[in-house]
Amino acid sequence: MPRVPVASEDERKFIVDGIQSDFRLDGRTSRMYRPVLLATDVVNTANGSCLLKLGGTIVMAGVTFEFTRTSQESPNEGRIEATVDGSGCHSLRIFGRQRHLFTKQISRSLNYILNNPKCFDREQLCVVKGHHCWLVHVDISVLRYEGNLYDACSFAMKAALSETKVPSLQVTHDEETSEVTVDVCDDPFQFGLLNVSNLPVFISVSQVSGIHIVDTTLKEDSVTLARITYGVKDNGNIVYMSKDGGGSLDLLNLRSMSKVASDIGPQMNSLLLDKIHLSKAKQPLWGHVNENLLFDDINFV
Amino acid sequence: MPLDTHSELLKSIDINEFYKLCITSTSKRPDSRSYLDCRPLKCLPNILQNSNGSSMIRLGNTRVICSIKCQLAKPSLKSPSCGYIQPLVLLPRTQAYTSFGRRTQIINNNAVLSQTLLDIILKSNMLHLDDLCIEQGKWVWCVSCDLFCINNDGNLLDCCLLAIVHALKQTTLYTVKIDSDTGKPLVYTKEKLKLKLYDEPLCCTMFVYDNELIVDPTLNEEQVATTLIHVVLLKNDQICLLNKTGGTIFPTEKFQQCYGLAKQYIHSQRQILEKANDSKTVE
Amino acid sequence: MLSNTNCGWVDGPEELFDPLQFAVDLEMTDKSSDNGVRDVNSLKNDDRVFISKGLITKANGSSYVELGLTKITCSIYGPHETTTDESYSKCLLDTSIKFSPFSRPKRIDPLRITYENSNEMDDTEEAELCSMLEECLLPCILLHKYPKSQIDIIIDIIQEDNEANLLSAIVLSTTVALIDACIELYDTVVAKSLKIDSNLLTVCYMPNLAQVSSLFFDGELTTNELDKYVDECIKQCHILHKAICKVIIDDLKNKDQESKQTKIA
């Protein structure tokens, strides 16, 4: 993970002491997230999109559809892949190969939960069994980084996918020649939606001198020894887990960290769901008229 | 690498001097072999589960794994009834990291060894390419021999050739019939045929140091040697390949001596190989 | 790139077909019949461990590990002067993992095996394994003892048996090789993967410190079930740890005896 050098040993102590007395640099408690702000359907050209702010971290997710053939191994499933791109983001602090490895790691984690049959049903992306399916690209670009990219990306991905308009198709099956023809519907207002109710969100739990905190900022990252990213479903089940940060953990800490994650996961899931509903209601109000609207916090929910 | 003793230090600083000292003082090689001794040879057949035939050869510290994989291919227009055989040597990647040998040099060495092996296989007639034909002009077998060197401690050509011969002996091919309607091959995985080998070329590598012929060089010895000689003999002791790499001038009578040494050396190799074939594993 | 164009030295067909895709009597699920190898090792031993070290003479440390039917070699080169300027205060780890052409039922094109120093920016399984391995090793090596230097870890997968064994074997071989290279470690790190149904859990564990250095999970479990899985993994890690200890202690004893003998001589 990217780390900023902390100015001095005193500053480090200040951060750690704050965490230990449950009063972090920005006044949060150890289990509080920074405010999540999101706006969905912000890009005209994408089938679904979401601009998400998690404190100072800003990510943009866009979902696009591509029509392809099904693979031989899974003839009745579509394909979906997520990519995280941080190439234009100077605030990521790391450069070159390190940055590439970092963003690749996040895309890999996202792909794990997308390809887990218990999290995302890929059969809904199949158009004609054994013939045609959708290949869904979820492109996430990092606009600003101030810590906790994992969680921000997963929130944005879930929000974007839940708002995605699947182009509706007309499939005609010729009985005699057994030929399948697929036509795109003329009506642009006819579309389907994806079922993303099971899709988990990432909850990263960091350990700083024995205390477990969520949603670390850049400065807190630099005093973090180890961090575990959990994929948590809305029922609190854990579907993904990976570690970074370069430190080690004992078993007791591991247990309490997974407890923290499975407690907070459902909360964040329902928060996100509420926000998505609110944003849906707000959409007609602001439309796509003024680009500046995107940068005004009033337009977010 | 421990540098505790004087000889270890000398070895890492000046390999030539070290070798000279060793030969003159003891008239034995650094690993206490005499000039005509070869290192202990071990052959293990069928060590890989994903190949049609495989083997591991261990000659002292040199270890080579050979895997034979048979795949279907379309024959070339030039020779529609011939299959393919592709030996491919991969030197250890460790070598690219240590100061010894640069990357491009290793890739070149791979190419040279692979080409030499291909030449030996084709010229010795150990394997008829016509046998690999399933239907003329349509389908043939492509036999890929991947030689993976785990460790290179000299005398790779001997090891690679031993490994290929040993692995090819184990190799079985699936029975393939061609569907006359669709032209598609039908593979019967249950019925297997042994690949027919007509000959077994084996190689003996020696080098000249101070006008002495020494067999089975290690990697260090390959560095100090002034000239390397490869002799490949067939089953009936006929010479298949004789190669001398530059270096010192060499009287013709010496080649007789080379041939005699190679005959002796290859004979013992052949015995070990046959024993390995009979009892599957042998020390 | 030089390495890629120069590798295709032998004439060959343009396209190769795996014969099994045309198989008529497909019973390849029954692995015991398709090759002689299974007959030898058919004792149903996924946990059979074989460890040996020091077989690659040019490397500073090396090891060969068999775990079940997974076979892996690992060699360590370094610590040596670093070529990059990423970090000076600590040692850099450069891991490179490659599958050999015959490691899987389908042949892997050997042109992909390059001799480059670090893996290129590719999105392959190998790159993922590399990052997992690095994460697992970072807490265990005393990196601050080797400033301005770099340790190269070169791993070749000779044969892969199943997904669950792979990372475990890689970590095991790396630990043994690191010990063989005399690199200072806090503890020996061992890894064990459990695959039950569609849940895959890998835990890298340091038994003496009782610390988990890395873990990975894919599947779906409640927290209580997950804890049980982790406990089970750690139990298995202890068994592997014993195997490593035995090899290292035996090796040390041998060396000790040898040095005594040479002194007498």
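Think of it as A, B and C in the order they're written, each chain with its own count starting at 1.
Going forward, a residue touches a chain if its C-beta (ideal position, glycine included) is under 8 Å from a C-beta of that chain, and two chains touch if they have at least 3 such contacts.
This one's a predicted model, so the numbers in the text were calculated from it and none came from an experiment.
A.B. asks: Everything stays put except that chain A is ignored; which chain groups still touch one another?
C.D. replies: In the absence of chain A, as far as touching goes, the chains form one piece.
A.B. asks: By C-alpha centroids, what is the most central chain here?
C.D. replies: Checking distances from each chain centre to the full centroid gives C.
A.B. asks: Which two chains have the greatest number of C-beta pairs in contact?
C.D. replies: Highest contact count belongs to chains B-C.
A.B. asks: Using only Cα atoms to place each chain's centre, name the chain farthest from chain C.
C.D. replies: That would be chain A.
A.B. asks: What is the distance in Å between the mean C-alpha positions of chain A and chain C?
C.D. replies: 31
A.B. asks: From the mean C-alpha coordinate of chain A to that of chain B, what's the distance rounded to whole Å?
C.D. replies: Those two chain centres are 53 Å apart.
A.B. asks: Taking the mean of the CA coordinates per chain, how far is chain B from chain C in Å?
C.D. replies: Here chain B and chain C have centroids separated by 27 Å.
A.B. asks: Two or more other chains touching the same residue: where does that happen in chain A?
C.D. replies: Touching at least two other chains: none.
A.B. asks: Can you tell me which residues of chain B touch two or more of the remaining chains?
C.D. replies: Not one residue in chain B touches at least two other chains.
A.B. asks: Would you mind writing out the residues of chain C in touch with chain A in their complex?
C.D. replies: Going through chain C, the ones touching chain A are 86, 118, 121, 123, 127-128, 131, 135, 138-140, 198, 206, 209-223, 226-227, 230, 234.
A.B. asks: Applying the document's contact rule, which stretches of chain C touch chain B when the two form their complex?
C.D. replies: 2-3, 6-7, 9-20, 22-28, 31, 33-38, 40, 55-60, 62, 64, 69, 73, 75, 77, 96, 98, 100-105, 107, 110, 113, 115-117, 152, 154, 156, 158-159, 161
A.B. asks: Tell me, which parts of chain B touch chain C in their complex?
C.D. replies: 1, 46-51, 54, 61, 63, 65, 67, 69-76, 84, 86-88, 90, 92-98, 100, 103-104, 106-108, 110-111, 114-115, 118, 142, 144, 146, 148, 150-153, 170, 174, 176, 184-190, 219, 280
A.B. asks: Okay, in this complex, where on chain A does chain C touch?
C.D. replies: Residue list for chain A touching chain C: 97-98, 100-101, 104-105, 108, 112, 116-119, 226, 228, 233, 236-244, 246-251, 254-255, 258-259, 262.
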